[in-house]
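What follows is a set of structures to go through.
In the two complexes below, chain A is the common chain; its partner is chain B in one and chain C in the other.
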Partner chain A sequence: MFRPTPRASGYFRTDYAQDLALLQTRAERIGLAALVAILVTLPFVATPFLLDLACQVFLASIGALSLMLLTGYAGQISLGHAGLIAAGAFTTGILTREIHAPFWLTLPASALTGVVLGLVFGLPSLRLRGLYLAVSTLALHFIVIYLGGEYETKRGFSTGILIEKPSLGGFKLTDGRAWYFVLLIFAAATLLICVNLLRSRSGRAWRAIHARETVAEALGISISGYKLLAFVISSAMTSVAGCLFAYYRGVVSIEAFDLFLSIQYVAMIIIGGMGSLLGALLGAAFVTVFPYAIEALLKLLPNVQKLAGDIFAVNYASFGVVMILFLILEPLGLVGIWRRLQNYFLLWPFKYKPLAGTRK
Partner chain B sequence: MAELAIENLSLRFGGLTVLDNVSFTVEPGELMALIGPNGAGKTSALNCISGIYRGSGAIRLRGKDIAGLAPHDIARLGVARTFQHGELFPQMSVLENLLTGRHARVGTNPLAEMLFLPSVRRAEVAHRGAIERIIDLVELERFRHAPVGALPFGVQKLVGFARALALEPTVMLLDEPSAGLNREEREDLARFILRIKQELKMTIVWIEHDMQMIADLADRIHVLDYGRTIADGKPDAVLSDPNVLVAYLGTETVQSTIVQATPLP
Partner chain C sequence: MQLLINIVVLASIYALIACGYVLIYRVSRVLNLAHGELMMFGAYLVLACSSLFAGHPVMALCAAVILSIVTGALVYIFLMRKMTGEMVLAAILTTVALGILVRGVVVLVWSSQQQYPAQALGISNPTFTLPGDGHISLWSLVLVLTNLAAYGALFGFLRFGRWGMRMRAAGQNPLLAAQRGINLHGVYALAWSLSTLTGALAGILMALDSGVTGSMPVIALKAFPAALVGGLDSLGGALIGALIVAGAEVLLIYYVDPLLSDVVPFLVLVAMLFVRPWGLFGTREELDRV
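Let's turn to the complex of A and B:
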């Protein structure tokens, strides 16, 4: 299902369960083992800066995966993503400040907040489509930010709610390396949940609704039910990302969740490649690393001191340019480039390609 | 009891009467052809049965009135349909399209799906088995994993037919399954229609323009013209009915009145 091209010959499946396996060839198993090995050794060789960057990528991955589920697969556009992250973060912040709630309580509470918000702000999707739906999800963002801001001023946390680092099983999560592994596990779990949903009944229903709503309904799929389900699951996962974000940063403040964050998440799934989980991961990494890369590039220029004030502007502008370039030149996103590379090296150095769809 | 009974079905879009007091019944295991000139209301009648349009009048499935139910509830009761232009999910493979068609028969819940629990795995394997039997029936083995959007039109129509079968319906609504197919593909299709009628004992309502196919296969023909029933009966009788001939071929007088009433755009 997730393999567009053949990568090995001589693997014969003899029952349908084997066809469902996520890893089917030895190359895939070795590839995964190598990836895990790299991810596990990385924090022991990386600088604190790189470690922080990796943590940010993992956080963004959770958000991007859940938005991909909603937009890339179920076809429901949402601009309320930053609002949902804020909702998770504020739930965590408020609970720790008010009742000193531990991690195992704030995490499900954030998820529950996401479920409720997803249910409420998924309702317009039953009537609205496309741009109109996007605008209605925008309301979610403003309402959450307003409520968060009210809480901050009423309780006198105008600079943000400070949150203590959580402890897991008596082990306090202060170390960057520990955080790296916690976030890695959460991101991997999110990915697995998405993969599982997409290879079963719900995932097929979402893709069907995305492609042809009336036909999907005539086939026995409850449109309203599955649209709401997509909103609920996506929002819950996003709010969990918000909860982790709050703990990781140690402070929650509405400034962190502006509309630009929502745009960034939409950009992640577009740049990564719509309708692909790998795309969500690539997009999350790209958009997170991009500003640092631009900054590093600018520092290579002569007379950097003069440019220091313009760094933000250059960042925003180049982000916009990259977005436009992707939309025009590579609508399939990073994942499209990746697939083309795969295709090219499929039988390299030979020229012959297998016919499309002949695999299996 | 009739498997499907339409009683006084009327449908209006604003001032346009699409269906005007149409009634017909289809007995269990019967293959009824629904014919009529373009714009006669054949597809609208099908849309009413599958709940996409809401007309007035009763639509009884095994005696139970299903008019006004949501399309997905009607599908769950065992009414499957194909669409005139295939209307497949182009990004998905043939297998995924068929599994989607089987949605109402799969009982897994999203929480179990998230973890892909053994129950979900077992269900997926079992339904894959059922899908494979349908793939076998309509001879789509070669295309199983191919993305549907890339397949030739004739194959796509067959996938649409198979997707409807995947629901394991008792009533099958076919909307011009042979449109756009070549001679050979039509012959295959005729074979499959007879197969589901004889082996699976399905009740079939079949919209069709190929008179030869209808005359050969249908048990009964129901003819619509301008939303009204003009004939119903055995193929031989209906196809030689003067009213039907007029509706299809026109007569000098009828044609001249139509031209006067509605000048060509």
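Let's turn to the complex of A and C:
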């Protein structure tokens, strides 16, 4: 998290308060202020389409951040992320349909479902590792989806459960602009939670488990406890994302949560860059915007009418190609590119960092 | 009786697909999640070949089978070769990405509607009545027999064939095998093409029996639990695992709820992972970290 390279030029911390501060230099504070200003003014200038895109990016960011926590930091592979989002969405859908539960009830309920499912998804991790763990989460994904589908057909909502837009304190959330701010706040809160978790005891424990379990155990870290904690926190946040997704879309249907969604989330953290929260955000934005970008590109080509029906397939194929390219050519993801850029300017005019002790 | 036939046919489908997973996993420790898409690709190759060799169904089928072998080798040479020695997750995700790519290409070329290669080839699909009032279609019967033949051939090849022995050696200890002069890339490419071959055979026969759509890979995903229940590195295990999964699926659909169809194999899988993660006949191994 706190890599020394870009900011190591003569900045020393002199007390504990500085050490604990999230933003350490003035440049960082100004940067964040500028970012916040941009994010706040964006909805007032953006078109509804862009606004929708931004909302989707925020939703994806919550999911990607929680998956990054689990896979990128704690080292537990999960291919069942869509199942957890579905669980949150269905909890919301069922509660609003059956007892007309308001927003402030469905949100904690979804989080609670996430906690329970996190325990279930996490249990195999106590015995299994790597590939087998991935497979077990995959299986659990299908089981969650089955349960959701069963509810839909038995209750006669085969086209999906409709959900009314929620109201917050007498204010009904129908406007795209209002949604933008709600989702922005949730995404920012998720980011803050992740940052603080990772620089605390639990974050260090997860990284130790990721690096080598045996050593971590010898250091006195409770392996099973922290593994389960990672699963529980990650899936609780994911379910909250699912709950917001349900409200935002206004409809819940199992078709939205197929295996491809899980793969998209894994792609986000791979494309963004493993083991970096910034990577999760970049990956979420990339994967969410990608299909729209492809569509826009296709429109530039001639013979649009011929391809119009196949846009879905083109999207699919090019997504596969991009994923393969990232895996083979840039395993560090977008963050890897970003860091190389940073280093380039930092070291300029040199190409490599001089070895310590050689400059005499 | 019909129930028994259903179980045997479904088990053959699962077994024929599962041995593809097993072959690749056993040799290179990579889980090929694109297996279903490659299988579907094989089925669509029949469609392509049927228009190429119009009027010669046997020629068309042979061409499709040969093309699928070549596809498997090409996948290894151009894609998976770069992932040799990488992290498990990266290798699995590469196969996932490959699967997405193949699926997109298939829909682009052949559209996502249901198609019937048997009609395109001009082959009929008569139904036989077996003693005990059971029905089985011709291509299902062929599938069962192909499955048995494929397993027989693979067993013989791995046990007695020169390349089969090399494959076993590479699976046991790649470094040692390479130092003894075994061409690892050749062995891996062979494993990929054999795996694609068996997958494509399953896909082609299923397509001849009941047509092919873009949702065919789901079947392969359901066959994966069969491979894991038997043990991911055991061929014989895959056969028995397929029987267990298919039996559980057919019986539960018949007696409990048809909606269960998609989820039964995964329930079996989860149960197995809790009890004996390395499968009935698999070797217990120290698994890699991410």
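Note that in this section the second predicted complex is superposed on the first by the 336 of 360 C-alpha atoms of A that agree within 3 Å, B and C clash if a C-alpha of one lies under 4 Å from a C-alpha of the other, contacts with A are read in each partner's own complex, and residues count from 1 in each chain.
The working rule: a residue touches a chain if its C-beta (ideal position, glycine included) is under 8 Å from a C-beta of that chain, and two chains touch if they have at least 3 such contacts.
Keep in mind that what you see is a predicted model, and the values were worked out from it rather than measured.
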| item | value |
| --- | --- |
| Chain C versus chain B on the shared chain A, clash or fit after superposition | fit |
| Which of chain B and chain C A:42 touches, first, second, both or neither | neither |
| Touching partner for A:222 - first (chain B), second (chain C), both, neither | first |
| Which of chain B and chain C A:319 touches, first, second, both or neither | second |
| Which superposed partner A:193 touches (first chain B, second chain C, both, neither) | first |
| Partner, of chain C and chain B, that touches more residues belonging to chain A | C |
| Partner chain in contact with A:71 - chain B first, chain C second, else both or neither | second |
| Touching partner for A:19 - first (chain B), second (chain C), both, neither | first |
| Least C-alpha distance (whole Å) that remains between chain C and chain B when both complexes are overlaid | 14 |
| On chain A, positions contacted by chain B and by chain C | 212 |
| Complex contact set, residues of chain B against chain A | 50-52, 70-72, 75-76, 80-81, 83, 87, 89-93, 96, 99-101, 103-104, 106, 108, 110, 113-116, 120-121, 124-125, 128-129, 132, 143-147, 150, 163, 167 |
| Chain A residues within the chain B interface of the complex | 1, 15-17, 19-20, 193, 196-197, 199-205, 207-208, 211-212, 214-223, 229, 233, 275, 356-357, 359-360 |
| Interfacial residue positions of chain C with respect to chain A in the complex | 31, 79, 82-83, 86, 88-90, 92-94, 96-105, 107-108, 112, 221, 224-225, 228, 259-260, 262-263, 266-267, 269-270, 273-274, 277, 287-290 |
| Footprint of chain C on chain A - complex, ascending | 71, 75-77, 124, 127-132, 134-136, 138-140, 142-143, 146, 149-150, 153, 210, 212-213, 259-260, 263, 266-267, 270, 310, 312-321, 323-324, 327-328, 331 |
